[in-house]
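What follows is a pair of complexes built around chain A, which joins chain B in one and chain C in the other.
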Partner chain A sequence: MAVEKLGLTRMSRRSNLDIVWTVFKARILIISRYRGSLFLETLIPLVFAALPILIGLSVAGGDAAASANFNRQVGTPDYRLYMLLGAVTFVVVSIMLWIVGFWIRREMEMGTLEAMYLAPAKRLYLVSGIATYAFLRSLIAFAIALGVGSLVFGVNPFQGEIALATAFLFVGLIPLWGLAFLFGAFILKVKEANSVVNSAQWVVSFFMGVFFPIAFFPPFLQWVALSFPPTWMNNGVRAALQDLAFFFGTWYFDLAVLFVFAAVVPFLGYSFFLRTEHHMKKNEGVGQY
Partner chain B sequence: MPEIIIRTEKLSKNFVSKDRKGFRSKKKKVEALKDVDLEIEEGEIFGLLGPNGAGKTTLIKCLTTLLIPTSGRAWVNGFDILTQDNLVRASLGTMLMGERGLYWKLTGRENLDYFGALYHVPKKVRRRRIEELKELLELEEFLDRSVETYSSGQKMILAFAKALINEAPILILDEPTVTMDVPTARKLRRIVMDLNERGHTILYTTHLMQEAEELCDRVAIIDHGEIIAHGTPDALKASLVTEETITLEGVIPQKVTEDIRSITGVKAATVTSEEDGRTSVSIVTEDSRLLLPKIIEKVVGNGATVDFIKPHEVTLEDVFIAKTGRALNVDTRVVAEREGGPSGR
Partner chain C sequence: MAHRGFGLARVGLLQRLSTFLTMSKKTIMEFSRYPVAFVATFAQVFLIILMFLFAAFAFTTPGSELAQGRQIAGVMVYGLIIQLFLSFTLWEVGFSVREEQIRGTLESLYMSPASRFGSLISRIFAILLWTSVMAVFAVLLVSLLVNGLPTANFLLAMVVLLFTIFGLMGLGLLMAAITIRLKESAQFLVSFLQFFFIIFAAMFFPFGVLPDVMVDYVSRYLPVAYSVDAFRSLLLGLPAGFPELLPLTQEILIIVLFGILAPPVSYLLYKEVERRARIQGTLGEY
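Up next is the complex of A and B:
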């Protein structure tokens, strides 16, 4: 029996989608075999939101005083919902970024990264599979945490412009794919995920304005925060649900900025990832860990 | 005449590596491959032999596009490794990291399905192929168990199955039997020969010379990143026929080799330590009958005890010793450190 020139390989658009689906499915299978991790993930934003709420209460000296103070400073008395929305949006951002970073690191250590690089699968489809998985996980965590958090903190998230808030959330997820590529490239280069994630966690939440409006920053830091797409997503969700101010005054300008980020950041992130990978292959390769 | 299916032209690969001493590190250049010219014919089993650190894996990583060479060119299945890397990878089934490279939380079947998809093998074809591999490699017993429950040998067999999932025309097997028990290794070699009979070209790296002699149509010996000899095993061994090899067994100190090498007519001498604590020294000479008394005098004079003297048939290991002056079990990187020169990896 003659062996075909490319064996059983049949490259097509369909086979590329099959790669995305297979990578996605494999991640779902693997996480389903680590019972409890999904459950714990939904608790994180509750703890994350509880901290500033309790600090606010203790500093202000009671709920009424805290609400009045918060209303004066931020423009809404519902500081609990404000914190909860910030925390659940931050969880979406962190799951999207950290899953890609930890994924690359784990695959490096297990040797499966080189095994993937041996196959004729384009990185775009491999990382799209992971990003789709991260997308699903982050949305599940968002929904559960928001639901449970609303009960725990006694707030109603279903007020204001729900459709607009959803639009900000979904459009804001697209540049996160690009940031995930950037973050993945960085992990590929430094060969370390834990310390990077631990420190980046605080930097990201700080610049996103998870617990306070970025208007509190000095001007330079405000510009840094505004160059970070999740800041726009976070502010858009809150502004739509809590009737707060958009950065440009109207929702469509803010959403337009997020669309620009959605068009540019994935392209930049992917290019940077490929450049980093090329650089590594010119030296010691991607399998060194 | 068979076509050339893998070709390299002056392929070189340099790394920058770090030597670490405590908190300090020093960068140094490593020449892992030096102007490697190689031609592998379609349908042959080609052995790439050399000690650890000689450059075998680096060469394979260049051919599989995991590494970009510093200079030179290479073609696999007619495709350029630099400009047609995806087609190169589609032409290959590769077993590179042994049991690493598998998802331990997935079953064997899920792993094969996963990697089949990454090789663009259509779903229906994948299912059929997994069944074929189950029969061929006798995976029935463990295919539907999580890989984390496998023995080391079972993981290696699954890694081998993974290399076969896309039924590629070229198989690259990097030390595939290294952690296998003897019967499993024998079974794998038989399957490799069957695959070769069905038309697959096989590039097989090993540091086990008997394995290479059993399997390979042609071999290349690599050391310090350079191909130092290539040809059929018989031709390489025949090149040493003008020389004779004798082995002395007993308790023989390392320093004896220097004295033996100083005897006129001795071409190479190397000491190998056996597992039972004894040592043997292999000596390549022009005329063993003439030189044996002088050799024994030198050995005994150094306080060695000789229990047994045997002439032996020329093997590929002797070819390696004749070309490099040392045994295959010596890591090339260690030798390079001692000699202060560059090393492969």
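Up next is the complex of A and C:
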């Protein structure tokens, strides 16, 4: 017997996977038409890293002084690599949030969101397709930006514990799916994606300590930052590569916290997304623009 | 006699003014429907300031003088003000054409006898107001954080800002023309330009920390760079080494010419691009 409301449609595991694959393929096809975005994803972390470096040079009054002061305040003299790692990790987080948020808004603007909701495909698989696409795109952006950034800033990212840094990056990506769902729900509710995404980028980069260690924050803000999974990912990657301190002193405790986030946040995010969606469907409808 | 192609409509000054006012009202009403956007943009400015101040703190020498901190904060926040105007002009004037294309209203808007120039610059009204409020709050916040910012030569700095805004309007119109040609890809260009100006117009740091080759071969050819340099040098009280690119009078001359010439030249270009798009039938293409 077919599932209620789906008529004669049979949603097997294969057809569900097919939905994920089709959405993923569609996004790849669309982005292949806009190659400028790939260029921009390489450029953004470079500018993001260049800004604090240039500010630092102007504050300290030269490279040697900047290096010495940074070492005293942060614990590593290699401030260029520190900023570059922060910037490329930020781009990964940003792409994950940006793609899901804008996808919902775009469907609303084009008037296809409600039609999509009428299709027998489950939203989980639709959003999974989008999230998988965001995952791949963010990893590509990370690799390219790190490569180009290393050349531009003259730093060597292949130092320290590379395997450990990779583990922090991959485990850290899982809770981002949950955050992307949360963010998607928020966009669904408030509708205005552009300014929210722009501001969210700065909120994210502020709390994950892209340009500075979160130890600079007052205690309350430190707790806020620590409850945010990308902060652990960012610190883990930096600590592994630049021999900086882990939050709990040892890498396995930090990685364990990230695993807990990976287990909990996606479920929380998706439940929140479903609740928001359900609430909207009962009231104004999801297609209202 | 009515203009050819406009039927009985009279495209006089009054009609242009009326279009401008109506479109401005529509823009302000649109803005007011998204209160979260207001708050979010506002919060964004404060976060940018805080983040750069924290970043600057990571490079400070323990026991460094407060006066030096004030000057650095001034360099950042006064550059941020120009950046805010630039960013809003590029997105709201330049990229607004794309929004109309997405909504499918661009062609119908252009088929109406209303002034297109009026419709393009109407967005500026609301944006100017909003950006100015944000700029004031940004200055107040930083002033609070560093115990007072220098605000010397205020009136002359405002004149520089005014001509800069006119010039930026020209950039916005130019961006609108490019958007008609590039369509969706224009958003990447707008983002790119924002980053380009942040670095090459040294919006958050002095030009002195940029490599000479970048200043000599890029920054010196950007009128916006002179705007940033003159605006912050004036407000900082022209300390030693400021302005960095040219003597102040020459910088002001460039800014005035930028403000006077950029809008009409860009508008002519916009009209030409628009005419071609209409002939090719691609104006509302999505």
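By definition in this document, the second predicted complex is superposed on the first by the 279 of 289 C-alpha atoms of A that agree within 3 Å, B and C clash if a C-alpha of one lies under 4 Å from a C-alpha of the other, contacts with A are read in each partner's own complex, and residues count from 1 in each chain.
Quick note on the criterion: contacts are C-beta pairs under 8 Å (C-beta built on N, C-alpha and C of every residue); 3 or more make two chains touch, one makes a residue touch a chain.
This structure is a prediction, so every number in the text was calculated from the model and none was measured.
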Partner chain in contact with A:Val196 - chain B first, chain C second, else both or neither: second
Which of chain B and chain C A:Ala66 touches, first, second, both or neither: second
Partner chain(s) touched by A:Arg13 [first = chain B, second = chain C, both, neither]: neither
Partner chain in contact with A:His278 - chain B first, chain C second, else both or neither: first
Which of chain B and chain C A:Met110 touches, first, second, both or neither: both
Shared contact residues on chain A - chain B and chain C: 33-34, 110
Contact footprint of chain C on chain A as seen in their complex: 33-34, 36-37, 39-40, 43-44, 47, 50-52, 54-60, 65-66, 69-70, 72-74, 79, 109-110, 190-192, 194-196, 198-200, 202-203, 205-206, 210-213, 216
In the complex, chain C residues that touch chain A: 34, 36-37, 40-41, 43-44, 47-48, 50-52, 54-62, 72, 75-76, 91, 102-103, 184-185, 188-189, 191-192, 195, 198-199, 202, 204-206, 208-210
Touch list for chain A against partner chain B, complex: 1-12, 15-16, 18-19, 21-23, 26, 29-30, 33-34, 110-112, 114-122, 126, 278, 281-287
Interface residues, chain B side, partner chain A - complex: 15-17, 61, 64-68, 70, 77, 86-87, 89-94, 96-97, 100-106, 110, 113-123, 125, 129, 146, 162, 165-169, 198-200
